[in-house]
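Inspection log for the structure reproduced underneath, given as structure tokens.
For reference, chains read A, B and C in written order, and residue numbers begin at 1 within each chain.
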Amino acid sequence: MSDHVRKTVEGGVMTLTLSRPEKKNALTDAMYGALADAMIQAETDDAVRVILFAADGDAFTAGNDINDFMQIATSPTPVTDRNVFRFLHALAAADKPLVAAVTGLAVGVGLTMLLHCDLVYVAEDAKLSAPFVNLGLSPEAASSLLLPQIIGHRRAFAMFALGEPVTGTQAAALGIANAALPKDEVLAKAQAAAALLASRAPGSLKVTKRLMRNAETLSAQIVTEGAVFADRLNSAEAKEAFSAFLERRPAVF
Amino acid sequence: MSDHVRKTVEGGVMTLTLSRPEKKNALTDAMYGALADAMIQAETDDAVRVILFAADGDAFTAGNDINDFMQIATSPTPVTDRNVFRFLHALAAADKPLVAAVTGLAVGVGLTMLLHCDLVYVAEDAKLSAPFVNLGLSPEAASSLLLPQIIGHRRAFAMFALGEPVTGTQAAALGIANAALPKDEVLAKAQAAAALLASRAPGSLKVTKRLMRNAETLSAQIVTEGAVFADRLNSAEAKEAFSAFLERRPAVF
Amino acid sequence: MSDHVRKTVEGGVMTLTLSRPEKKNALTDAMYGALADAMIQAETDDAVRVILFAADGDAFTAGNDINDFMQIATSPTPVTDRNVFRFLHALAAADKPLVAAVTGLAVGVGLTMLLHCDLVYVAEDAKLSAPFVNLGLSPEAASSLLLPQIIGHRRAFAMFALGEPVTGTQAAALGIANAALPKDEVLAKAQAAAALLASRAPGSLKVTKRLMRNAETLSAQIVTEGAVFADRLNSAEAKEAFSAFLERRPAVF
């Protein structure tokens, strides 16, 4: 495992905790690799009935580490061969139910991964955003399909293109999350829901989840988006956006 | 007709009333047969412009009769050849507008049939639920497609997998129903809406409904779900769930 | 340009203003032609980054001009060859972001065109409706697909079949619009959002919008609906509905 992802298994629940709080749990290649490895292993482990995503510190995750993004852009390894894509495909392919406990910031993939979760509990004052266009990038994790489905094209466009955030309370009203709670109650609620799922008939859960979502369609969308995203990372627009971000000035396109 | 389904036709509206109140209108094979026969006949009867589903007593329906479920599991007749599937396909194929008046409990198919209705009016304190996984079963009536579409994947998963109910007021807010009303006003409202539909241009209604929904996709999903459901009914998980239900003890999986 | 559509380009934003307030901006063939021409030109004009739809007077638009409808019904030119269809296909095919500012009435195409817009701002007391069945007609502009997707089948059916309107406040709650504002603030808000979009990375906006919507599916639905609509325009039901409308009496079907 990465030092920045903690894994425990107890009572049928595998908990994967993002643990890089000094960087607001910004996700690195190593962290994606640890998440993907754990999820793939869980699929064939009868001792794991449910996977729970949690986080240390004040933020769920600030999203992809920005230095990691800039390194990817100049790396000879195609972005679609990297651990982040193994993680995204593991999300789409998961048969085991996925539960998430979200407090604080959930940016970029921190929001889009929730669209693959089966139960999501958020803090009322959580702040979810997916400002891909602000950075000259484009949606990933099949969010170009899943976010409009759940909140409608116009709200999704405002999130992607204008970078408009939603609070946890709004996320619950919109169906991104099952419920919004006081910050201190989120993890316990998610753990209780995960434990309840772990007590349910596993065969029944598996076929129900399979009937409800088309993993092939989601994986295909991840591939389509991945090609666009790779192109974006190498674009002059993204270079300008990243430079502006680091220099704390407005980007000019 | 079954003794437990009452049919009347008046002013272009065929009303099908579930009438087994002593069993909370739990649906039997004979009742499904009566509903399917009436719906199929209505499709070619110019005197019927609209079909209205209603119920006697305090509950809309407690869902499929549990003894009937257990008998199906041991019957040589495949579940997909039974009247319940004739009814589900009649819902998916209906060209005539379907209206429903729902008070009290709407469990299982009592909820999922509403997803095929064109106008639904519910009591504010109605209680809708689809606890398929609780019984070791899986979603039917194309609800694995339609419920996530209308309320989102996470809320639908909570209903199917955790058995979480929604009130009538919530159902209206979520778009499962058109409006939630005081219990005593539901039937009159649904009858007024049905009468209004019966006064509208029938050719226009027919093509509008056809454009709005893909009957082939819905029927295909009913077939896919049916194969899974038949498998589930014969599973060890379902046997344990039904035994536990009848013995009023927690099921252990 | 038509005298009834005003076009300006400033700061990357092309504003197309419906300007036939004496007829509540009812849309004529010439107006559709002007809108389609401007949108098609904008797609290849780097000076245009965003298109903003606005309107003079109290109404956004009362929809298709009713006399125009009656003329189309008796014209040898198929409805699907007319400017209205060029406009609908331009909406579906648009790569440039579309923003709308809506106050007052938005009837028929006045509502359905909003389903193709990326950001929509409405007056709290705006009144949006799509009473196609009232006129013996059927949904257009891919609204038979898009309206159920955004508000659910039952609410969409109530709008199409019963002619039920929604207020601007409701439209925002349902996701048809991004926000509902006091009437006097709508245009300024839409202009600010359009200006913000015009400052964003244009390549990123383009691929994001493309990933979010399937233009081919939308165009195909417009074609399917168009054949049905042409048939409807020539139907006895539509003739009766239009006569009743002009004679201010209830239609009898």
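As a working rule, a contact is a pair of C-beta atoms (placed from the backbone, for glycine too) under 8 Å apart; a residue touches a chain by one contact, two chains touch by 3 or more.
Please read these numbers as outputs of a predicted model, since none were measured by experiment.
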Chain C against chain A, contact positions shared by both copies (same if over half, else different): different
Copies chain B and chain C - rotation angle from C-alpha fit, nearest 5 degrees: 120
Centroid spacing, where centroids are CA-atom means, of chain A and chain C in whole angstrom: 35
For chain A, residues contacting two or more additional chains: 149
Residues of chain B touching chain A in the complex: 132-134, 136-139, 144-145, 148-149, 151-158, 160-162, 224-225, 228, 231-232, 235, 237-238, 240-241, 250-251, 253
Chain A contact footprint on chain C (complex, rising order): 97, 115, 117-120, 149-150, 175-178, 193, 196-197, 199-205, 207-209, 211-213
